[in-house]
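Look at the two complexes coming up: chain A is in both, with chain B in one and chain C in the other.
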Partner chain A sequence: MRREPPQRLVDYGPLVFPAGMLTVFFVVPFATMIAVSFFQRQQGGFYTPAFVFDNYARFLSLFFGKVLGFSLFLAIAVAVACVVVGIPFTYLLSRSKRNVQIVWLVALLSILSLSEVMIGFAWSTLFSRTAGITNLLVWLGLMEQALALTPSFTAVMTAMTYQAFPYTILVLYPALVRLDPTLTEAARTLGASPVKAFFTVVVPVLRNTILATLIMVFIFALGSYLLPQLLGRPQHWTLSVLITDQAIYQSNMPFAAAMAVFLVLVSLALVGLAFYAGRQKEAK
Partner chain B sequence: MSDIFNARIGRRTVLGAGLAGASMLAMPAVLRAQDKSLKVGVYGGYFKDSFDKNIFEDFTKTTGIAIESIAEPTGEAWLVQLEQAAKAGAAPADVSMMSQVAMLKGQSTDLWAPLDLSKLPNAVNLIERFVNKYPDGRVAGIGAVSWYITLVSNTDVFKDAPTSWSALWEKDKEDKLGLLALVSNSFLLEVTAKTFMGGTNALDTDEGIIKALEKLAELKPNVRLWYRDEAQFEQALKSGEIPMGQYYHDVTGLAIADGFHVRSTFPKEGGIQDSGCWALSRASKKTEEAHVFINYMCQPAIQATLSRKVGTSPTVQRGLTDLTDQEFAAVSSDVEPIVPRYDLYQTKSDFLNQKWTEMIAG
Partner chain C sequence: MTALRRLFFFIVSLFLALPLIVVAGVSVNQRQSLTFPPQGFSLAWYGQIFTNPEWRNALIASLTLAALSALLALLIALPLAWFLWRRIAPWANIFQLLGIAPFTLPPVITALGMLTFWATTGFYGQPWTAVISHGIFFVTLPLVTLSLGFSAIDRSLVEAAATMGADDKMVFRTVVLPLILPYLISGYAFAFVLSLNEYIVAYMTVGFTMETLPIKIFNALRYGYTPTMASVTMLFLVVAAVVFGLVARFGDLPKLLGAMSEDK
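Right, the complex of A and B next:
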């Protein structure tokens, strides 16, 4: 069967539903948010429709710059961690027996049924001094005294990587399963070690998949606001945490909207840059 | 022939009578539902459940006014909803329980219908600060419940109870405190002002606020957790993971009753007393019923019931209630409280929020 490009107006029919959904659930709310970001904040009250740049002006400060910088850094770090752990794991998984694969996939996908709150509380217990994993290490004689591992940057990173890991596998798994095994076999017969074959053959073949995974995890991690709050110190709070504070606790919708718009623009720019870089490399 | 005729008439009569009868039976119910009911917003969850069970049922029995209770979200989301609905002439709830800052913000747009004190004879029972007034003297709201935030500690870790809020600043508390994360719900500026600067009036000027923030910044090495979510701190306090901090007096009492090794102390500077008001939306058409309801809630006996069943501190003078010393101590204290400077959170909210966030996250 060959797919014909749409000829008449009716051929576009199937697009009506998704386009409608996209408009109602994405375009309209997003446009509202952009509009609100220009509204005038009434301190001690609400806001009035206007067209002012005050909200953006307030955001352009060293303090918010640092918070934005940290949020982007955290999201990139989580994306890289997920891919670094995810690729070897998925590669080994795709080479193992079918039963083993099923068990692993079901276990990993069941993480998706846990809410962010549960993940956060579970990790804060695991990292606590009174009930955490360090007690196990003390019992084994590996440590002198139980320690609290939270709040810390490591705790935030661990929990966020844990939360994003199933998505990483979901994107990587199909590509790795479909990977032609003769490619690595050829590399091996030509004398490459398994590790060398992995890095010189498997990784370059998967370049686009890896890029897609990085971008997806990056965007997913950028929106996280609960885990940094539960497991981090105030300097680990992301921009999303401050947006929530403004929207819910200060009822400063215009400022919250301005911060959100800024966050979206910056992340879109980064994603665009990543695509562009990928394109350039492919063209060579 | 006539028999058939008669029979027909008979059937019609019966049908007609039946219909009339049915509508007569139904009419009073419809009237009652429309005239004598009130939609009341209370914080969802534990609060709403307790009010439904312990207060609203008896209220309906006594006054014949049916209550439809509505779960409000905390924070200011409910204020925003009420405000937007009022602009459209609708009231998602007639009477709502509102925080003090929300009361002030609502005042700025005349959201609250003025209450008539002559229709609230029981309001004389109230402690004066629980009558919320517009700047021109109109009554915007009436104190519904109040509660305390006190200095709490784990008794296994700290054998002796602290006596002053200044205990938070001591060197041996390093990385041991849990404090509320927002300027507008922790009220730590007021605590600092009362403890070190002679009173909350020290916050009248921006310089005073900056000075209090500088003093608070000294606390940062001691704070392990700045919490937004109560459950997060409560768990850590009970286990001794975070052995000291600020928390709700009544909930700590419940934890003690459950056998956890924690205590709640009213420091010599006083506990922080926060409160909620009953306020009537200007879009409501149930002014009469609202006054009956608010008046009912101002009775000392009802306030005592709330103290016993919901764990709130009475908004009426203590002497009027029949609370025993033990019951009173479970929810309140005679130590003069630290009353938050709600006015600041309205007039200087953005300044305070900005400086506070920079202080703790910077």
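Right, the complex of A and C next:
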């Protein structure tokens, strides 16, 4: 039974349910959101159909600029931290025994699937005064007395790196596990140390993968909304937090929708870039 | 070199395990205070999840939502993946793209889209809207595992069956289904575990009428601390580890992950 184009109308049958569901419950909601982003907001949390750019005009404020700038900065910092540690880690993991790999993959998947609420809770505990890591330092005699490490930028950054790290490894894993081992073997035979072989052979070969991973992790980090709320101060809030806040607590759906549309555009542009980087790799 | 490598692996595992160790510690604390190392030992907070009606209801809500939405995701993904494998219809790839999009974009976007949609249609707050929202949000996972499963099928097997006179339905039941069953199960497992843990989409669709466990934890966090949060976190971690462990035991996890990200 070879692959063939659909001949009769009935051949399209299997497509009806998936296409219908995705259209009604993804495309239509998406379109609704775009429409609402142009609506006029009324007092009391309602909005009326209109076509105004007011919601987008609010982007031009200094406050919004700061939030956007901080979100981008935070996501870049997290992506760089994850990729810098993730590449050597994934490289070593992909060269480990298969059993070791499976244990690590199960652990990473389990942490990755852990709810953001739970990750936030776990880190706020670890950074707390009564149950936190500073107690250990006091016990070791390195500190005078235990103190709370949240809310702070370091806490937000650490927890977001924690959340994105398993994702980074799972994005890098396929490329690294398929990397031709003879490449590094050749470098080693010619006298390069393992570290030198890693930096002069593995890293250049994976240049495009690394770029694509950076972008994927960047988008992933951009989506973090609870950790900045739970572990940071209001100045550490990201665009995702602001969207939730406007939609739920300020009842300003049109503005929330406008910000979400903006976030989509930023993400789509970056996904496009990541795909482009991926294609470049294949072309070579 | 091996020593250096061991040290590196040790530091990474410490970073990953440390918050969980502390949570495991406070979850067995005898008193209702946030202290580590734990004072005394008690499994009472694990019992709370099942005996306290609020936590139990949240657990039931989460399990129901995860079971149903993962099933819906599978029901959307299976015919789509089958069609893309069976037919040459390049324009149908757009639906594959639509299936992957919700998971690739920041989750708050899908959540807000769903919120505006349910509010506009007047169904906002109904429990079943969360099932549909999660089903759509997580359709990516079974779609990716199933596409991988279909691409692994040796077409000569299917052709042999067709030559012997089997029609599409029979081929599907007797040849295709047994071959893709592992991918079907792992796709369901991934969607189930992620739905269990998902917060923002559930919160924006049914957050004011229904509490899933992540919503319950977040609400509880705002009013202070109760050790049940810690025991729930541990329970969820164990559930995830068991599910993924089973997938690894009965399937080929490295292969599944090797191709999963490539498709993205």
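In this text, the second predicted complex is superposed on the first by the 238 of 284 C-alpha atoms of A that agree within 3 Å, B and C clash if a C-alpha of one lies under 4 Å from a C-alpha of the other, contacts with A are read in each partner's own complex, and residues count from 1 in each chain.
As a working rule, a contact is a pair of C-beta atoms (placed from the backbone, for glycine too) under 8 Å apart; a residue touches a chain by one contact, two chains touch by 3 or more.
Quick caveat, the model's predicted, so the values are computed rather than measured.
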(request) Could you look at A:63 and tell me whether it touches chain B, chain C, both or neither (first, second, both, neither)? (result) first
(request) In the overlay, answer first, second, both or neither for which of chain B and chain C A:110 touches. (result) second
(message) Tell me the contact category for A:237 with respect to chain B and chain C: first, second, both or neither.
(response) first
(request) Would you sort A:148 into first (chain B), second (chain C), both or neither based on which partner it touches? (result) first
(request) Go through the superposed model and pick first if A:119 touches only chain B, second if only chain C, both, or neither. (result) second
(message) With both complexes superposed on chain A, which partner does A:42 reach: first (chain B), second (chain C), both or neither?
(response) first
(message) Under the stated touch criterion, which partner chain does A:97 make contact with: chain B (first), chain C (second), both, or neither?
(response) neither
(message) Per the contact definition in the header, classify A:8: touching chain B only (first), chain C only (second), both, or neither.
(response) neither
(request) Quick one: name whichever of chain B and chain C touches more residues of chain A. (result) C
(request) Figure out whether A:271 sits in contact with chain B (first) or chain C (second), or with both, or with neither. (result) second
(message) From the superposed pair, tell me which chain A residues show up as contacts to chain B and also as contacts to chain C.
(response) 121, 124, 128, 130-131, 230, 248
(request) Note which residues of chain A are touching chain C in the complex, please. (result) 1-6, 11, 14-15, 17-19, 21-23, 25-30, 32-33, 36, 85, 88-89, 92, 98, 101-102, 105-107, 109-111, 113-126, 128, 130-133, 135, 162, 165-166, 170-171, 173-174, 177-178, 194, 216, 219, 222-223, 225-226, 230, 240, 243-244, 247-248, 253, 256-257, 260, 263-264, 267-268, 271
(request) Would you tell me which residues of chain C are touching chain A in their complex? (result) 1, 5, 8-9, 12, 15-16, 18-20, 22-23, 25-26, 33-36, 72, 75-77, 79-80, 82-83, 85-89, 92, 95, 98-99, 101-102, 104-117, 119-120, 132-133, 135-136, 139, 155, 158-159, 161-162, 168, 171, 193-194, 196-200, 204, 207, 213-215, 217-218, 221, 229-230, 232-233, 236-237, 240-241, 244-245, 248, 253-254, 257-262, 264
(message) Going by the contact rule set out above, which residues of chain A touch chain B in the complex?
(response) 41-46, 63, 67, 121, 124, 128-131, 148, 151, 229-230, 233-235, 237, 242, 245-246, 248-252
(message) Going by the contact rule set out above, which residues of chain B touch chain A in the complex?
(response) 75-77, 79-80, 83, 104-105, 108-109, 181-182, 184-185, 224-226, 228-229, 232, 236, 239-241, 346-350, 353, 357-358, 360-362
